[in-house]
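Working notes, beginning with the structure itself.
Note that the chains take the letters A, B, C, D, E and F in the order they are written out, and that residue 1 is the start of every chain.
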Amino acid sequence: MTTHHGYGDIKLYAGTGNPALAQKISDYINIPLSPWEIIDFPNENLFIKLGGSVRGQDVYIIQSHSRPVHRNIMEMLIAIDAVHRDSAGRITVVMPYLAYSQSDKKDQPRVPITARLMADLIEAAGADRWMTIDLHADQIQGFYKIPGDSLYAFHLITEYLKEKDLSNSVVVTPDLGFAKQGRNYAAELNTPLAFVEKRRMGNTGKKSALSLIGDVKGKNVIIVDDLVDTGGSIVKAVNLVKEYGALDVSLVFTHAVLSGSALSRLGDAPIKEIVTTDTLPISAEDRLPNMTILSVSELLGEVIIRSHEGRSVGELFNE
Amino acid sequence: MTTHHGYGDIKLYAGTGNPALAQKISDYINIPLSPWEIIDFPNENLFIKLGGSVRGQDVYIIQSHSRPVHRNIMEMLIAIDAVHRDSAGRITVVMPYLAYSQSDKKDQPRVPITARLMADLIEAAGADRWMTIDLHADQIQGFYKIPGDSLYAFHLITEYLKEKDLSNSVVVTPDLGFAKQGRNYAAELNTPLAFVEKRRMGNTGKKSALSLIGDVKGKNVIIVDDLVDTGGSIVKAVNLVKEYGALDVSLVFTHAVLSGSALSRLGDAPIKEIVTTDTLPISAEDRLPNMTILSVSELLGEVIIRSHEGRSVGELFNE
Amino acid sequence: MTTHHGYGDIKLYAGTGNPALAQKISDYINIPLSPWEIIDFPNENLFIKLGGSVRGQDVYIIQSHSRPVHRNIMEMLIAIDAVHRDSAGRITVVMPYLAYSQSDKKDQPRVPITARLMADLIEAAGADRWMTIDLHADQIQGFYKIPGDSLYAFHLITEYLKEKDLSNSVVVTPDLGFAKQGRNYAAELNTPLAFVEKRRMGNTGKKSALSLIGDVKGKNVIIVDDLVDTGGSIVKAVNLVKEYGALDVSLVFTHAVLSGSALSRLGDAPIKEIVTTDTLPISAEDRLPNMTILSVSELLGEVIIRSHEGRSVGELFNE
Amino acid sequence: MTTHHGYGDIKLYAGTGNPALAQKISDYINIPLSPWEIIDFPNENLFIKLGGSVRGQDVYIIQSHSRPVHRNIMEMLIAIDAVHRDSAGRITVVMPYLAYSQSDKKDQPRVPITARLMADLIEAAGADRWMTIDLHADQIQGFYKIPGDSLYAFHLITEYLKEKDLSNSVVVTPDLGFAKQGRNYAAELNTPLAFVEKRRMGNTGKKSALSLIGDVKGKNVIIVDDLVDTGGSIVKAVNLVKEYGALDVSLVFTHAVLSGSALSRLGDAPIKEIVTTDTLPISAEDRLPNMTILSVSELLGEVIIRSHEGRSVGELFNE
Amino acid sequence: MTTHHGYGDIKLYAGTGNPALAQKISDYINIPLSPWEIIDFPNENLFIKLGGSVRGQDVYIIQSHSRPVHRNIMEMLIAIDAVHRDSAGRITVVMPYLAYSQSDKKDQPRVPITARLMADLIEAAGADRWMTIDLHADQIQGFYKIPGDSLYAFHLITEYLKEKDLSNSVVVTPDLGFAKQGRNYAAELNTPLAFVEKRRMGNTGKKSALSLIGDVKGKNVIIVDDLVDTGGSIVKAVNLVKEYGALDVSLVFTHAVLSGSALSRLGDAPIKEIVTTDTLPISAEDRLPNMTILSVSELLGEVIIRSHEGRSVGELFNE
Amino acid sequence: MTTHHGYGDIKLYAGTGNPALAQKISDYINIPLSPWEIIDFPNENLFIKLGGSVRGQDVYIIQSHSRPVHRNIMEMLIAIDAVHRDSAGRITVVMPYLAYSQSDKKDQPRVPITARLMADLIEAAGADRWMTIDLHADQIQGFYKIPGDSLYAFHLITEYLKEKDLSNSVVVTPDLGFAKQGRNYAAELNTPLAFVEKRRMGNTGKKSALSLIGDVKGKNVIIVDDLVDTGGSIVKAVNLVKEYGALDVSLVFTHAVLSGSALSRLGDAPIKEIVTTDTLPISAEDRLPNMTILSVSELLGEVIIRSHEGRSVGELFNE
């Protein structure tokens, strides 16, 4: 690896949000994780002490916003402060899954835009760059003034899917907000496209009706989304396409947030295969038998190397 | 009108981007436009001189980013600077149409996010607040750290449409990126929904194929979008729904950008009615016979009053 | 109450960190708490929606950093963002207990200064002012560029203590870092002063030896500190002064953090009275029989009024 | 060329403001211009895509503020944003001619200081350094907080003039604001000095009277200025010195803004030679027969090299 | 006086730089100076304590940068910090004479621009606005991002001079950098204009030759400048015009810096009258018999009132 | 020495605050001081011109805040500006003694926090890093957002003291604010510990009573503090421990501020040895016969080298 002298050496720090992924990244780029102490005091305050100096070095703090979410966000911010105050040469915060991305606009009055707040907090803490995968909306890139790498699991996932027979498949999005990305999947997999439409009913807006726009009858359905949280909507989508005559139903999403009773919901639904990634940790007991977990570690590792060496990340995807 | 003493008196300044709209706003809130000199020197440099002091006043600079776009953006920034240096109490920049909103993400490597740059320029110039209508993506709200009012022509347009017989109508979006907003129109108008899907063909990506997802046969189609620029895509959508058996086709959009040969394209297409607004000026000769132009002046005027008096804007829409 | 027109009306928002205290403040200044929705989603993300507009108003967000600490910090930051984006006139964040105040310096290399980071986060979120009680170190005031009110429970506590017979009392601090504040207590209560000194033993620094500097024999001891966390050090101090011949031992501290087994430790120790405040919530079952809880609500309420009216806070204490 | 490792490699980008000059700079420092796409959409919005990655590189964006001025300013700002978001190591914006430099003060109330606004915009976009030639006032350097190189065509021009017989020459400035720089020319060329004084007449200030202070009779006059815009003042100055008995009159200025009817005015005036530079492009048809155009490309190229290598620019001029 | 409620009440603080002027301003606007303690500790550190609260008030800190210059600058910055931390509503720093204005550009490499640094320091300390008189260069206005009032003693001085018989007078500037302002004096006083030109001789640049451009023979000369420092140049100019046949010579300047042996130089020179102002304090013993000191107190007082009330300052001068 | 290419070469500049120390640092790291001109003009304004370019270099400006304090602070800020505008690669300001550290909190209402203001000024001027020794309170580290090295003379001083027989010694602090650091000295020197307590008497607070907490009888006392200013308190402490039966009394402090009659006070007091450092210059005539001055030059030199090379500073102290 050619070193870009301006940024010192690569230093990798693994937050507690997804240590297994951090280790895989470390293995890929063949640089060990740097040691640090992270202590949770009884009063819940976090304490961090770097195991060695990062003066003038090119530091990457790897922290996924897994549960407990707020503790892990704060751990990340404190880590940035510690590294900044030790006079690091450059600080990149690597967030395979970035929390609060769904709060990306004021779609009603008197609410915050927490995804922008997150950017403000990260910049205020002292980060120089950021890196993440599959933002809920690409516009969140623009919430940051500091430069960053907004990556996609798209190639990873479509490479995996293209090894299958997709001749009788159709891509379906469970949400109209994901329609454009659904189109990208359908185009890359060379399938037709359909959508689940959700419409609120009555005045209270509590109840909603689902309908399907497009055709799934007698076809294998691939439902695609950026993340699955409680699994409520997605399982309703699975059932809806089944009602409309779908054959096998597969589920594809990047971020396995899997809150509340998501796992039992997914386990009970008529789903052939669930394809996801390790941007968030999935414990051994949470891995459903039909789950395929692709690793984003090579993607992140390659981008860290290119970022450090001053080489193009775009050409990694022939862009 | 109750005055909020903290912000002085309302002062309205009309940029050259849409003086007719500014005048209507002025009429609505019954406060005359403040005089200023705006000179275009032979070297193209702009000069602005306020006609009176704005010390401690609540200033609203109304500037739509009509053609010439860059001159009008710069006029707006210079106006902010002039008002700021005259010690205004608060500066709100009112941009009925905000240019560069389509450059809101890096959807390919090595490109700018000009919509964020616009926010940075406006904040750097010294604005305290912003106001706009129908952003291309709501996330652009988060590009601003200063607070703002992101308004919608939705109520204005749907009120107008609901006076018609929509019993056999369907809402169609010409672009999957507008699918969710299309759903909102369909829900408010109580119609079904369909989409035009555009997919690139071949390696070069120059050619693309259109298809329709959903059903329009024997129905009156209302094509909805946020803006019409060259009109190329929208006219293709009109023709596509006609091919699929649509009866009457109407076109609904907020921002009449109408670049290049848009007017002749729209004039030649089989469109029954074009419904748009005056966020951008449309000269008398450009008004097609089937064009209905709704005015956003009452909406903007009402929000300016409420903003000045410290009253809720959200409740204007029962939110 | 005279209103300072520049700041609109007072709006009080109660975070979930200490709602009982917020209610008492509201009662004192006779202004109801403003309604808002705070939702904890299954994915742990927080959602806030203000119940009404705060445009141009003088907003006070009352949030103590009680458990769960990081969730409550994030709730506070999100609330600031929501209020800022709704164009509040002025935003004061009232933190009766400010977390992370003990991380106020780099007393070893390669650690963060999280108390400064907290200030950076609060300023980045958009607060205009801050208010807190009994900072761990007064210098933390200087971590903020925005102005603030750093208040003291000192008068409240010493007024309470001076109603007792203190003729045979001595003030003791359990930590040399609190020596100067201990002197202030001793001076106000007109008692002598002594200190517990902690010194690390051996190379590892894990073990430490306690000794007493000053005289407590045959005296009633008042141990004073800013907070009690796990109670480990403080109970050791109680036992030490007992060994040195103290008669009755009382414990006085502002912030009842009371982590881990603090309550059982305090319950088992030979302590006559525990005097503390309600900067942090103490549930009914946690209230030890010998505990006196003074309320800081009048202090905070009075300062909010004076801050709003533009009157001196200092003269409240004859300063 | 020795590379300063901290700043990566030099990357030169040529804006559309003066491509010929950019090419000459590229030739001088023997580094090709980096490719990029610049598209003017029908709605006038600009799109930029870098042809390759600039991660960690030392980027120079060369953009002169020629016509269309506002488009070219915006192109420059968008280019800075694109390069910044691609994680460039350092960004220097090279503006051979900087627009709006004449708006450098509030010489009347309620006007902007657009030259400071320009600096704010450039810094907000993300530039790290700037470079320009012959600012209208040297104080404009101080409008920038980021460091920069404020260069002079003075040496280039005086070297050229000193090859002529100047024994019977006098330097004249057409404006008292340029008196001091006129003195520098006179001193370097070892000639006497005179000034044109313009004084407003009457109350309206529209009319003005010119007079000459100093002596030009029987002498060859060299009129010096920083720029010629419409040419109105300068041609009046030519005629005035002729009236006062000047022999040959030459015109010397750095920036050939040449707005409106400047060319015909200059062509008709009794001027022996016009000496200027290529900070702004002058098309073949605009080159008057008596025009000598000196190139600033070597000056800019040399300064770029020195800036990159961390060597003194001052010593280039023996300072 | 009408109060602008948004800024509370006027509070005037007098720094030690020119207490007599501050008192006169206080008298003019009929508001007493607010009390504060300013202590110079033996270690030279300054301590400031406001005598009363400024919460929400409209504060004016009056500080001229008289000797000791650096102490007085620091006193001003500390005062801003004290007032800011006491939650003032708005802070205006009034600097009748602003030090370091002559360091306003890099006219040679590797030097600072201290006048911009001064602006940065004032903004960093927390000032909201500034006010000053007769900047060395008007462009210094643009060094400030915060708004300000850049005032002129021009009207005050010319009103005074116009009461005399000026029919045989000529205005002379001792420096070409003041040529344009000299023209303004000449135009207002309806006199001709001449200049002293200084040109460096030889390589070292230590020696310089003076010459006169324009005509003074048999005329009364009024030498005008913004300030007199050591008086060296100005006395040379006096002697030069005398050599060229001037009759009476008067000296007019705003800022009486009067360093080193300025007073004796001025006292010895053939000067009829010295007209200056009280922007800087001139002790009784330093007042030469031929000195007329005009007070800027009414000018500053009037501008403070208008600034507070949100009224135009420009119209004070019919602009 | 290995060079970290990202930061260019080390450049050392010596301010006038402590040139002898700067020379020693230069000798230690074997890099000559870079030449610059520093001129004090008769009007007290300072002028700085760097003797050579610092483009892209790693610059260290060494300036102790000795007398005249405000001039030296301003010299430092101007030097930062000059170096910043010459495009230095990185700027570290080395302040062996940092003035105004005692103004580190609002311990009474309506006062500034000048130590934070100092940080703001330094950051506003353009410094990238800071370095200092023995801050009055370690929390002052957190006043800076830019990273820094807060060093201690502790090891230097205790190494010196440990060469003596300390078997019958006791460490005493003259101020309870220094109690914790006193404990560190006592622990390192393996001695007991005692404190002087100062308590205000009466209402005015002008008078105060001293008492001793702990035991000194028959022991050699080592009084430790961070600095000695006027020497008043410290000499009272010396006398107090003498009254309480101390044998030899030594005085240990880092910063020899020595204001007013400090030297005569110290000279007259019954002090065996005064141990201090050269963070501030002590002229030959001010060196009392019993004074030992340890040099911090090796400490600062070593930290500069490690900072430049990107190596740990903490491990210098086995931390």
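Here is the rule we go by: a residue touches a chain if its C-beta (ideal position, glycine included) is under 8 Å from a C-beta of that chain, and two chains touch if they have at least 3 such contacts.
Nothing here was measured: the structure is a model prediction, and the numbers come from that model.
Participant: Using mean Cα positions as chain centres, tell me which chain lies farthest from chain A.
Facilitator: E
Participant: Give a one-word verdict, same or different, on whether chain B and chain D use largely identical residue numbers at their interface, taking over half shared as same.
Facilitator: At the contact between chain B and chain D, which are copies of one sequence, the residues are largely the same (over half shared).
Participant: Greatest Cα-centroid separation from chain C: which chain?
Facilitator: The most remote chain is D.
Participant: Could you tell me the distance, in whole angstrom, between the mean C-alpha positions of chain C and chain D?
Facilitator: Computed value for the inter-centroid distance: 60 Å.
Participant: Give, as an integer number of Å, the spacing between the C-alpha centres of chain B and chain A.
Facilitator: Their C-alpha centroids are separated by 32 Å.
Participant: Starting from the mean Cα coordinates of chain A and chain C, work out the distance between those two points in Å.
Facilitator: Computed value for the inter-centroid distance: 38 Å.
Participant: CA centre of chain B versus CA centre of chain C: separation in Å?
Facilitator: Here the centre of chain C sits 49 Å away from the centre of chain B.
Participant: What are the residues of chain D that contact at least two other chains?
Facilitator: As it turns out, chain D has residues touching two or more other chains at 5-7, 52-53, 85-86, 106, 108-110, 113, 116, 120, 145, 312-314.
Participant: What pairs of chains are touching here?
Facilitator: A-B, A-C, A-D, A-F, B-C, B-D, B-E, C-E, C-F, D-E, D-F, E-F
Participant: Residue numbers of chain B touching chain A in their complex, please.
Facilitator: 104-110, 113, 115-116, 120, 137-143, 145, 150, 176-177, 179-180, 182-183, 186-187, 193-195, 197-200, 213-214, 312-314, 317, 319
Participant: Across the complex, what residues on chain D touch chain B?
Facilitator: That would be residues 41-54, 67-71, 73-74, 77-79, 81-82, 85-86, 99-100, 102-103, 106, 108-114, 116-117, 120-121, 123-125, 229-230, 257, 259-260 of chain D.
Participant: Please give the residue numbers of chain D that touch chain F in the complex, ascending.
Facilitator: 4-7, 129, 145, 147-148, 306-307, 309-315
Participant: In the complex, go through chain B and note every residue touching chain E.
Facilitator: Chain B residues touching chain E: 5-8, 52-53, 55-57, 84-87, 89, 126.
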